Amino acid sequence: MNTRTLLGRIVEAASGIVRSPAQRRATRLAALLRTLISQRGEASGAALARRALALYRGLDESGRLVFFQHLARDFSPEPEAVLAAATAYHGDPSAANLATLERVTEPPRQEAFRRMNMAPGGTAALLEMRAAVLSLCAKHPALAVIDSDLAHLFGSWFNRGFLRLQRIDWRTSAAILEKLISYEAVHEIRGFPDLKRRLERDRRCFAFFHPVLEDEPLIFVEVAFVNEIPSAVAPILALESAVGDPRRARCAVFYSITSTQPGLRGISFGNFLIKQVAEDLHAELPNLKIFVTLSPVPGLRAWARAELARPRRDPELEALRAQLAAAVEAGDVPPPALRNAFEGLAAWYLSREFRDPVARFHLGNGARLERINWEADTSTKGMAQSFGTMVNYVYDLGDVEKNHEEYFTRRRVVCSSAVERLAQLIEPLLLDGRLLEG
Amino acid sequence: MNTRTLLGRIVEAASGIVRSPAQRRATRLAALLRTLISQRGEASGAALARRALALYRGLDESGRLVFFQHLARDFSPEPEAVLAAATAYHGDPSAANLATLERVTEPPRQEAFRRMNMAPGGTAALLEMRAAVLSLCAKHPALAVIDSDLAHLFGSWFNRGFLRLQRIDWRTSAAILEKLISYEAVHEIRGFPDLKRRLERDRRCFAFFHPVLEDEPLIFVEVAFVNEIPSAVAPILALESAVGDPRRARCAVFYSITSTQPGLRGISFGNFLIKQVAEDLHAELPNLKIFVTLSPVPGLRAWARAELARPRRDPELEALRAQLAAAVEAGDVPPPALRNAFEGLAAWYLSREFRDPVARFHLGNGARLERINWEADTSTKGMAQSFGTMVNYVYDLGDVEKNHEEYFTRRRVVCSSAVERLAQLIEPLLLDGRLLEG
Amino acid sequence: MNTRTLLGRIVEAASGIVRSPAQRRATRLAALLRTLISQRGEASGAALARRALALYRGLDESGRLVFFQHLARDFSPEPEAVLAAATAYHGDPSAANLATLERVTEPPRQEAFRRMNMAPGGTAALLEMRAAVLSLCAKHPALAVIDSDLAHLFGSWFNRGFLRLQRIDWRTSAAILEKLISYEAVHEIRGFPDLKRRLERDRRCFAFFHPVLEDEPLIFVEVAFVNEIPSAVAPILALESAVGDPRRARCAVFYSITSTQPGLRGISFGNFLIKQVAEDLHAELPNLKIFVTLSPVPGLRAWARAELARPRRDPELEALRAQLAAAVEAGDVPPPALRNAFEGLAAWYLSREFRDPVARFHLGNGARLERINWEADTSTKGMAQSFGTMVNYVYDLGDVEKNHEEYFTRRRVVCSSAVERLAQLIEPLLLDGRLLEG
Amino acid sequence: MNTRTLLGRIVEAASGIVRSPAQRRATRLAALLRTLISQRGEASGAALARRALALYRGLDESGRLVFFQHLARDFSPEPEAVLAAATAYHGDPSAANLATLERVTEPPRQEAFRRMNMAPGGTAALLEMRAAVLSLCAKHPALAVIDSDLAHLFGSWFNRGFLRLQRIDWRTSAAILEKLISYEAVHEIRGFPDLKRRLERDRRCFAFFHPVLEDEPLIFVEVAFVNEIPSAVAPILALESAVGDPRRARCAVFYSITSTQPGLRGISFGNFLIKQVAEDLHAELPNLKIFVTLSPVPGLRAWARAELARPRRDPELEALRAQLAAAVEAGDVPPPALRNAFEGLAAWYLSREFRDPVARFHLGNGARLERINWEADTSTKGMAQSFGTMVNYVYDLGDVEKNHEEYFTRRRVVCSSAVERLAQLIEPLLLDGRLLEG
């Protein structure tokens, strides 16, 4: 044990705080990061970064927490220096004053992270670090500053310009395919044979990769080539279905899109991925005329239950409401007689409420809400989320910019006339409910 | 011509300022960047980025200046917002206040650059943009803020963790080899046959590449395998020399290191490159015991001329000074009788003056100043810079951290006893000169 | 229908033989091959070859038989021409006479196959063709000439100099891994997770590939790194076993080797594969001191049953024989009391009988018979072949040439002293049996 | 020195023949090949093959000759065995008799070569061996048997099905580009900058590679994209010409095709290469409508001189002949007045004489003789071969098979009406000459 460590122990003992070896390692790591961002770190950066990474990997859960607390507390900008620089910049917004301002307001954490990134495996470790921080933020809100710094860095590092779009097929490395199987978030992949069907010639799979995370798909999309806009997911997932000819299909269906990295939360690639894939497929297979999703409506049931909770004034509407509310509670696919009403509810929810996350993603990307599909996904999950309803969003590459504009500047969802009719059908029921509140 | 453009022309005409099409394009580009960093840019980012890049590429020199002036003036942080956020953070350094501070102090330029980077070829275009900005900064100092923002971004994007070390040999793409020929800054490469000799098995060449700049070496180093620390560069560069056996060499000489990208000025890879190459060669060829440079001393003659300009008090020293000054002016290799004195001057210059850029680079990396070599480079350039003197810096991987520490914290150059003796030899002459000043 | 085809039909009808469309296609294919090997084939070779291949692929089983019969009958050397050329060569073995001899004795089939090989997919199709021919040879012995010609060609085309040794690991294409799973002939692989364990860092898998059969391993070997020569296969195959450190293992075990192509029967790569892998592993992991197999003894039970069928003269030996014979019939692992006797039988069988195919392969390659392992493979197959016995053959790279020489020129199996002792132990029983016969 | 070698020396001394060490090495190598093709070679093949190759590489010129003489004399089929097998096969052409026949008629050399090929670098060494044999054949005709065996093997090994078509551009390895420069046989490439122009986007270069000869193009073709069928080569070779847009060109000109390997003499790839490249370019650039060569006429001048040597009966024709003969001797481009007559001679020579090697190649491939170009190549070589004349052969992919048929079965050159007219124009002159002979 060297003098320094010994001294540390004495101080510690004197202070009455007993610390575990992992906690002491956390403190040592924080000190090492200090050195790393000093001038010494410039010359011996790679070596120090390797040591820092090794220390970090050796931390257990409690050690990590101690380390994060150091990071949040001791690596933030100095308030005095910030205020002085801001005052000077306010007085004279010169290049020199701006330079000073930038220097003192950037949290030293960011430089520490950039230096850690120099060690082999650094980027992957930082991604995991952010995932760890995120999982602790609820209980330790002060750690949010670390999350924010990492998010800022990752936004820059994982810029779309640095990502490679790669086709995934049966000739892809098993190491990558295995990850697809474990990551898939929309329609579970049940092992390699299931995946193989999804990679046949009438299917496609594409992923974004970052050059330093070689075997790690960041986001991937699964596409099926079919003749008509699909109204149910089962035929697409069926293992034993005949393999079609991609040069005869009219329609490319994006039936599953999965982000894989919790450490990249909030850094969105989906928009780029869908559009790039649509463009590339269009160039490769000119027979493809329609690019469309088959998407879940995760918030529909919850919203409908809440919406249908309150009685209506109008007796007829009230009777309908009661029927619908009962059907929602029943849990099964609602009876055929109520199908139109439920489709109307879905149309209204998606076109007027702006709260479904999947809808927000596609409509915000400039897609058009095309069709409500009844009994489209009768899996347990599909029933629980939306009593089996799924929807199609159409990506018409010539219109996405205009649609996007409508969505954001005029707050209007572009949808097909069929969907619009369904929404208007159910309007009285919903407005009646609203009036009561008002 | 659409309404908007027409309107712009009218406003312009009214203001009495006549602008060229390129200047108007510059203004249009600035406006497009505004859109690009708005929410609309998020959905249509890739398409808008492509348009922005195309517009930028279409600018001529005057258009670029106009565009840069927009960038410098209109994409800086708001002084009011900065001061308010700084005051709040000073009052309560909470996570929320820090988040606001970060948001309002980051120049919107940076986001604009990140978005432009999404287009194919974006990174290369931004590198060229910084080179263009740098060449204008002297005349237009206000553009320094753009340089500073790009430097900050590039420091993050070209993090060593994202670079790939790649060996360059005769099987490398001609497109890359051609670049080495045109970039080489230390010892000119006279066409492919010259380069071929530098890639034989007793030579090595390594470069760092960034994944999105495929055929673009960012920095490269040339290495020769020899038996003894070399004292002259001509034998290494000789085209007709016999090719040696790399498994018998004791000594790896770094005889040329070139940074290729003006757009990456100030973002240093040389330190990483030399150490990584030394480590890798050491692992591959255990017979290599010495890792050493053969380096120019670019500032020696200019320094010596200035230093020898003032007469000395001591008559003997004054006689020496006059002889040395005459020899410096003569321009040839100084006469043999003065060799020791000149070597002493070089030793002093390098070990006491801390101003030679090459010396600062290697000593700052933790190398040791090993030997002064007389008549080592008698090319025109070599004579002009240092009357033919070159030096060896030794990279002893076990010592670099310690040496670096000495250099930065104690401001002491670690050098061999021979070099130290030479410096002490000439000390009286130099101190006498100093005393006069004092 | 064109004139030619019509004419063919008329001729056919007149002859009273009714032929199916597939049979007619077979005849057309044979005619096309005639053209292909004519001068016309030289200019339009690629196009004709493609047509030939397409025709061949369209043949059903009966069509294939007709085609093969054409090939066997009509594409053999002309007996008259052969005799004339041989007589001339016998009279004057000049270069010119030799050239004529070569030309007229090479079956035109071979040129036809070489031309077919020019079409994309040709090599794979010819491999399949030989597999089809082989499966028909028993019933149609005349087809043996086709087999022989293809074997000759393949011996040349699949020369070891043209094969690439490639490591297979978890990053290998799923398309290739899937083939390993389906091909594995020694110890069944039960899906991707089972295979994954066999590709961890304490395991290795290598295969030979031919450049034009990209995803097709021709032969592969599975290796396990362990500390001692293994005496049972279950620990190696266990899915849940801890993964060891390859740099600490002393022993590389070749526990499975599988040839995949029925079309390459008789063209042996195993010898090259094992030695190359042993050399490469030795260079990569100097800690590996022993290269050894864990091999089945497929013919042991059948041989023992036959050997033990006849009574012995000596009453003691006869008693033993009866016990052993009963145990063989019982089918289970024999009782412990008989273990030594059974091990002796195995030792004798392998060291004196020269008939076990696995033993012939390894001993012919120059391996040493090292150890008999009791209860080493209690799978159904292992019990049926050898009442659970397996053996180790050691590849001592310094000795293989000498051992090989012993085996072939002196007909002596090199074995460890332990194995030799076991063989001698059981000698009286076996010699007594022989004497009776004599 | 071991006993065997000593004994050899004694025998040698006794025989009075003194042999050099290289000659003794040649004899040792022949003995080693004997072992290599024995059963022992099967087990230790790779090791023995390596030794054989090393021995071969150590041979000097005289050693190689001795070795080749061994190969020619001692590795041929046994005449007795051949005659016996042929007689048996003649008596009964059974599968078994055929198998025996094949075995005893194949020269053991071929097996020796196949075994040598197993060593690393074997294929390249055998190619060089054939080149060496070919250069000795004129003086040592007995070596022709080796050439013939190697040609047979290479015909099988370098089957088009095993070759890879690869595009060569400026991103290709310098090692390969350097070979193009040194191999180019038609229009000399003067260093890397010249080659670079030939690889710009309005040019293409393709080569066939064999998988085991990685950096060795076997044959390559250079293509230029232009708007009209070119009538001169200088504009295509001009270094400073503007780079055109490949998507606007109508015409792909094959202006140079070079076979690189003397060891592959007689094994033709050019036909495959041109047709494959034409097909691929057609698919990539549908704007390309014409695929045409710009070809030298190497034998024209020599043929014309001979043809014009004899006086004509008809006085007018005789006057013309004398003028033409004088112009041929003069060596310059003939005077304009004679242009038509000379073009007629070229047309006749190419369409009626069947002896120009370049014409035979393209017409045999099914090309059409399109145009005679006056003053098309005024380089020294162009003048010497054909007083500057070049021709265009058109590859019309739809017609090549038909044209080829005409050429080989009806002995008719397919040519444009313009060329045919030129040939008819000059007919009287040539027929008059012929009548005299008759």
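Order as written gives the chain letters A, B, C and D; numbering starts at 1 within each chain.
Here is the rule we use: a contact is a pair of C-beta atoms (placed from the backbone, for glycine too) under 8 Å apart; a residue touches a chain by one contact, two chains touch by 3 or more.
Here the structure is a predicted model, which is why all the values come from computation and not from measurement.
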{"item": "Reaching chain C from chain A through chains that touch each other, fewest steps", "value": "1"}
{"item": "Averaged-CA centre spacing for the pair chain D and chain A, given as whole angstrom", "value": "62"}
{"item": "Chain centre separation (chain B, chain D; CA means) in Å", "value": "53"}
{"item": "Euclidean distance of C-alpha centroids - chain A vs chain B, Å", "value": "39"}
{"item": "Where chain C touches two or more other chains, by residue", "value": "none"}
{"item": "Chain contact topology (line, ring, star, complete or other)", "value": "ring"}
{"item": "Listing of all chain pairs that touch each other, if any do", "value": "A-B, A-C, B-D, C-D"}
{"item": "Residues of chain A that touch chain C when the two form their complex", "value": "170-175, 177-178, 191-192, 196, 215"}
{"item": "Complex interface listing, chain D residues touching chain C", "value": "39-40, 42-47, 76-77, 79-80, 82-83, 85-87, 89-90, 93, 95, 98-99, 101-102, 105-107, 114, 117-120, 122-123, 141-142, 144-145, 148, 152-153, 155-157, 159-162, 211-212, 268, 271-272, 275-276, 364-366, 400-401, 404-405, 408-409"}
